[in-house]
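In the two complexes below, chain A is the common chain; its partner is chain B in one and chain C in the other.
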Partner chain A sequence: MGEADLAVTANPLQRIPGVAIVLLLLIAVFGVLAPGFVSAANIANVLVQSTLLLMLSLPMTLIIMTEGLDLSMGAVLTLTSLMVAIVSVATGSMVLGFAAAVAVGLAFGIANGCLIAVLGIPPFVATLGTLGVAQGLALIVSDGQSVVGIPQSVSEIYSATLLGVPVPIVLAVLAFLIFHGLLYHTRFGTYVFALGGNREALTYAGLSPTRLLIGVYALGGAMAGVAGLLMTARMNAGHPTAGLGFEFDAIAAVAVGGTSFERGNGWLGGAALGVLAVGVLRNGLNLMALPSSIQVASVGALVIFALFFDGLRSRS
Partner chain B sequence: MTDLTKQVFAPRALISGDLLQVFYRLIAALLICLALTFLSESFLTLANVLNVLRQASLLFFIASGLTLVVLTAGLDLSVGANVALSACLAGTVIHQTGSPVLGVFVALATGAVIGLLNGLMVTALRIPSFIATYGMLWVLHGLTYWYMAGEIIHGFPAGFRQIGSGYLFGLPIPVYLMLIFLGIGTMFAQRTTWGQEIYAIGANPVAARLSGIPLSRRLLLVYAVSGTMAGLASIIFLARLNSAEADVGESLTLPAIAAVLIGGTSLFGGVGTVFGTFVGALILTLVLNGMNLLSVNASWQPLVTGVIVILAVWLDKATRRGE
Partner chain C sequence: MSTVISLHEPSRLNAPAPPLLELRKISKAFPGVRALDEVSFGVWPGEVHMLLGENGAGKSTLMKILCGAYRADAGEFFHGGEKVTINSSLDAKRLGIAVIFQEFSLVPYLNIAQNIFLGREPKGRIPGTIDRRKLNRDAQRVLESIGFDIDPTVTVATLGVAQQQMVEIAKAVSQNARVLVMDEPTAALSDRETELLFDLIRRLKADGVAIIYISHRMAEVFALGDRITVLRDGRRMGEVHPAETTPDELVRMMVGRNVDMSYPRHFAENPGEVLLEVKGLSAPTGISDINLVVRAGEIVGLCGLVGSGRTEVVRAIFGADPASAGQIIFGGRGKSGGPDEAARLGLALIPESRKSEGLAPARTVGDNLVVCALHKLFPSGLFEPRRVQRVSSDLIEKLRIATPSARQAVALLSGGNQQKVVIGKWLAAGARLFIFDEPTRGIDVGAKAEIFALIDRLVADGAAALMISSEQAEICHVCDRAYVMREGRIAGELSRTELTEENIVRLGMHHG
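Now for the complex of A and B:
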């Protein structure tokens, strides 16, 4: 308990500067260089577009805190997005589509957790394997074609507003609050800190690290299902490669946000700021009419810089 | 010889054990061949067998360099993206200068530089290898798509194309190259001090450091070799496909890792052989070829490869638990 508490209270103060400075720098640079960056419409656009990434980055923070990784998240997102599309087109029901997506995501999350916790396969290889499986399934269920004719009840999720606030933002704030409560105000959250920081202590305390780990990865899968709904609603279609590479943006956001890959501590607020940093970076480059390939390369460079500074910090 | 040196150089004593592991895998490959011979009439034809060998050789070039990385308990997830960028740069150079030699040089240099950068991230910046090379993957991916801007470079000199599609005494030229590099790789890993030091680093990095092995320099070498082999593979791809496109290496990383793991190289470092990876590449190619011959939809390939990766690591874990 003591160590976990310290990790919660001491580190955020140390971290706020890092990711906040990155975000402010990016905003300053694009404010000058990118035409139309500082406008209410564009800022709202960045916020709404970032919601999908936040849905993945929240559980990714927990996963990385356990010294794990989920490379399958983007492929699972593709699959859950297709499930939303296929089921809602077939039944006309948004709720059934959403349920199917969460169920499929949950199944993948639990499978990841079992491979890692029960069979002891290193996370990055286990989830690389399930990435292949999810990608294959996405191609098989869609037959390589886009799924169109999405019912309005689904696409409204992305375009509707609640008391003037776009629904995706309401959902994102809700998700953030739930994760925040889960990580910082429940026993489960404390155990998650222990999973990365001191796994042996959990065993001595009579808890099962196996079940906790499965729980953490299952959470990731379920959130990929939630993000799948947002994605299908946003594109108004299901596409067999739509989620490709999203896991990388999520990992980037978490890494920039100051969650460490090796020391079992993380910070949800940092991850949220990291999501905004990635969102601003992509949006700014986009406004400067740079192709998406440059955006991908820049996010990659951002991750390497973040890890470099993380390494410097851990040495000092 | 002190006890410590014995411990550090233990892998040499394991060679007979490694041979047994490879022997099992050769039998598995033969069983797959046998099954496919019964299942499909077109499997045991000269054209198909040569096709399997050529496919396996493409996979082997990437996987052999990767084997050294995995032997040090590291991973290089950037090999596929490396092939893509190297191929596109080399393709452009050959197209503009008409000089295949220059193109080959550019491909190897690109691969080597990328490998060195990976190595620097792992050693100097101390970023875990899987995440450093994963970041590199996306940097390369972005650069390649930006550089090519959707274009395809097509049509290389006939002499150059021979590297990928030519024959010598009835065997495809890439197959000869594969055998040459199989020999070099095996000699390097098993019979040189550097090779043995790589095993030692993977088996026990602390003991390796204490016995005076320069960890950073050996790791740098390993990642540079992996990058250079990806550069080499890109040349074969260019010559074989007669075109360069940004998405050429996209689906190569998972199969390359699969070949290494099926070949018995442990993700936990210190155990495995380049010859095992050769057999691993053969097995994976046979499985994918078999699916193709039995008209299984190509969509199933990533799924099957993913399952094979997981099974291979799990088998490795399960069999080593007894040791």
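Now for the complex of A and C:
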């Protein structure tokens, strides 16, 4: 290990994670090209808009670390967002709406976990199935219509500030700290590394990979519920396709952030930087008045570029 | 081995003290196989009990039963004379049994301390959290106790194989293991690392730990063993003491027939035409100015220390790595392209890692046998299963591959038979030069002899072989000539008469 340490100190640039360099590059490019990118208002905007994606990317990091995937997250987000809208409109209570969203999200997460861990269905197929179910349910409960008339207590979540900091950012920082503590300082987090790195090691240690795996996917579902609140608050409505494609952005952010799809090699800080990279990219393209179809293509290109860049660096 | 061979103390057998762990008539069957048939043996504190047997003799089943991963169908366990059951990994742990598998049970992206105490983390103040400081302190103490000087917060993925093995042992020691089961622990270690491991094993012995040690290497069986149990086809063939037996006798017990360890060969008096000529070959992978010749009918060895560039030479010849200078002439024609050209010309590379580079393990024996010959067999591009069946049955018979049928998945075959499938697929493709990279790694003694007999038949039929092996004895017994490499260059060539282990070592090492 002495050698490895020497190599690192010999070239300090190598220590800077690739995703940080990618993020700085994006900021530099849009700083020059996109009008109004470098302004306090826009930077705050990027941060607030990124909070929703962060809520999904945190559990997605854990899921990918188990060598899994959750394709249903976007559709479940749509559904939980609708739950917030429908329940809060009916009862006038933000808390009940939020509770309903988390409950529905949790149910989907546990279902995903059971399909994968108990029935042994590959994550790609299992969550593709629940994606369809969640999207279908979203269309049914909303009757294909937007749900409007959201109580102010819900929309306030997005616009209010706490000590001058927008509430979504407070929530996102809180979520990050909780996940950080969970992954790096608890037994559960330690076992997440083992789920992807060496599942047999868990069995030999007398632990149940099945239950742990269900727990990881349940976290994903619950966080889709939390994100549902932010989404409904942001749009001031519930929309039957609001979460479309969010699983794509979340997986992209995690991949850009340097989490590997193999052997349980993940990094939450990288995922957060990856979320910002995706956020900056979409915001910059928006300011340049490019259509959203270009944005999707660019996020895809970003993933490919970031992984290629990482590969180049690790080879040199 | 620098240390004195530890002799068995016969008095112990008659001593009233019961074995620390004893197995009586343990049986285990799987569909179609009796993996273990009434196997009995015992291990006393402070002794190394060697477990010998060919692949498929039942050693791994026995290990899985000992660690609680499998449950025995019949038989009894006694721990310190008391009857016990082993139905789960928890039972095994309670009895102080720890198993160190060849495939480590470590989590790559956790650190050493986290791995040692996986599932037994010291609790922090908040429920569910870990007391990191205590974790690292405890790990430090365990590592010190086995004499492994390393920072416990280093990520396991950055460690070498030998260090990972030390972590495994630390893990076992931390669980107060009194019975340590080790599966070919030196398979991936250098000589120096092996010495360190042996030192540790002697220290554990002195602490009264009982060690069950599975090995394929005769030298260590005699250097380390206090008692040897030989298994064959799931049955216990007998228990012997190192002082009262010989390697030949052990081999006879293992394979049940007399395998001549000198691998008889039909050495060619007059080798044929030059098949491969390499002139001044250099490659960015670290080899320079390689010159060698292989003639039809010859087996040519390529030796040298691990890391001397042997694999790089054969990869460059095959075209798997680009060359930066030099010429490769095969069958009288220059060769410059990649593996596809090599295969078309009749070169075959039989790589060291069969499972990842030589075979598609989940596919059938038949599929694997024809995979390199698809162009030849089916020029129209349409696949004919019946033709595959015919071609593969011929090869299975010719190469004596032990498989129930061509439709068996290759992964289910033993190492030696898998190797035959790799050879067979090149034979089907019409290869004339076979390049072997460690052809007998992980293959048991009986199968080794069969593989060499097969190579001998190939070259007798006019093919040629270039063979990398770290087992110098094998090179000496099997090869017509050998090149010895040192630091990316050919250090010398040894003719049949000069070919001795001593000469290989002398050429391969830096001389002062």
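Everything below uses one rule, namely that the second predicted complex is superposed on the first by the 289 of 316 C-alpha atoms of A that agree within 3 Å, B and C clash if a C-alpha of one lies under 4 Å from a C-alpha of the other, contacts with A are read in each partner's own complex, and residues count from 1 in each chain.
In the analysis below, a contact is a pair of C-beta atoms (placed from the backbone, for glycine too) under 8 Å apart; a residue touches a chain by one contact, two chains touch by 3 or more.
Just so it is clear, the model here is predicted, and its values are computed rather than measured.
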After aligning the two structures on chain A, examine chain B and chain C and state clash or fit. clash
Any idea whether chain B or chain C touches more of chain A? B
Under the stated touch criterion, which partner chain does A:207 make contact with: chain B (first), chain C (second), both, or neither? second
In the superposed arrangement, which partner chain does A:173 touch: chain B (first), chain C (second), both, or neither? neither
Looking at A:96, would you say it contacts chain B, chain C, both, or neither? Reply first, second, both or neither. neither
Is A:303 contacted by the first partner chain B, the second partner chain C, both or neither? first
Which partner chains sit in contact with A:137 here, chain B, chain C, both or neither? Use first/second/both/neither. first
Applying the touch criterion given at the start, work out whether A:43 contacts chain B, chain C, both or neither, answering first, second, both or neither. neither
The clashing stretch of chain B against chain C, among 79-87, 115-123, 205-213 or 259-267, is 205-213
What does chain B use to touch chain A in their complex? 75, 77, 121, 125-128, 130-132, 134-146, 149, 254, 257, 261, 267, 297, 299-307, 309-310, 313-314, 317
Seen from chain A, its contact residues with chain C in the complex are 1, 4, 181, 185-188, 190, 193-194, 197-198, 200-207, 263-266
Would you tell me which residues of chain C are touching chain A in their complex? 67, 69, 88-90, 93, 104-110, 114-115, 118-121, 124, 128-130, 132, 150-151, 154, 157-159
Where on chain A is chain B touching in the complex? 69, 71, 115, 119-122, 124-126, 128-133, 135-137, 139-140, 143-144, 245, 248, 251, 255, 261-262, 291-301, 303-304, 307-308, 311, 315
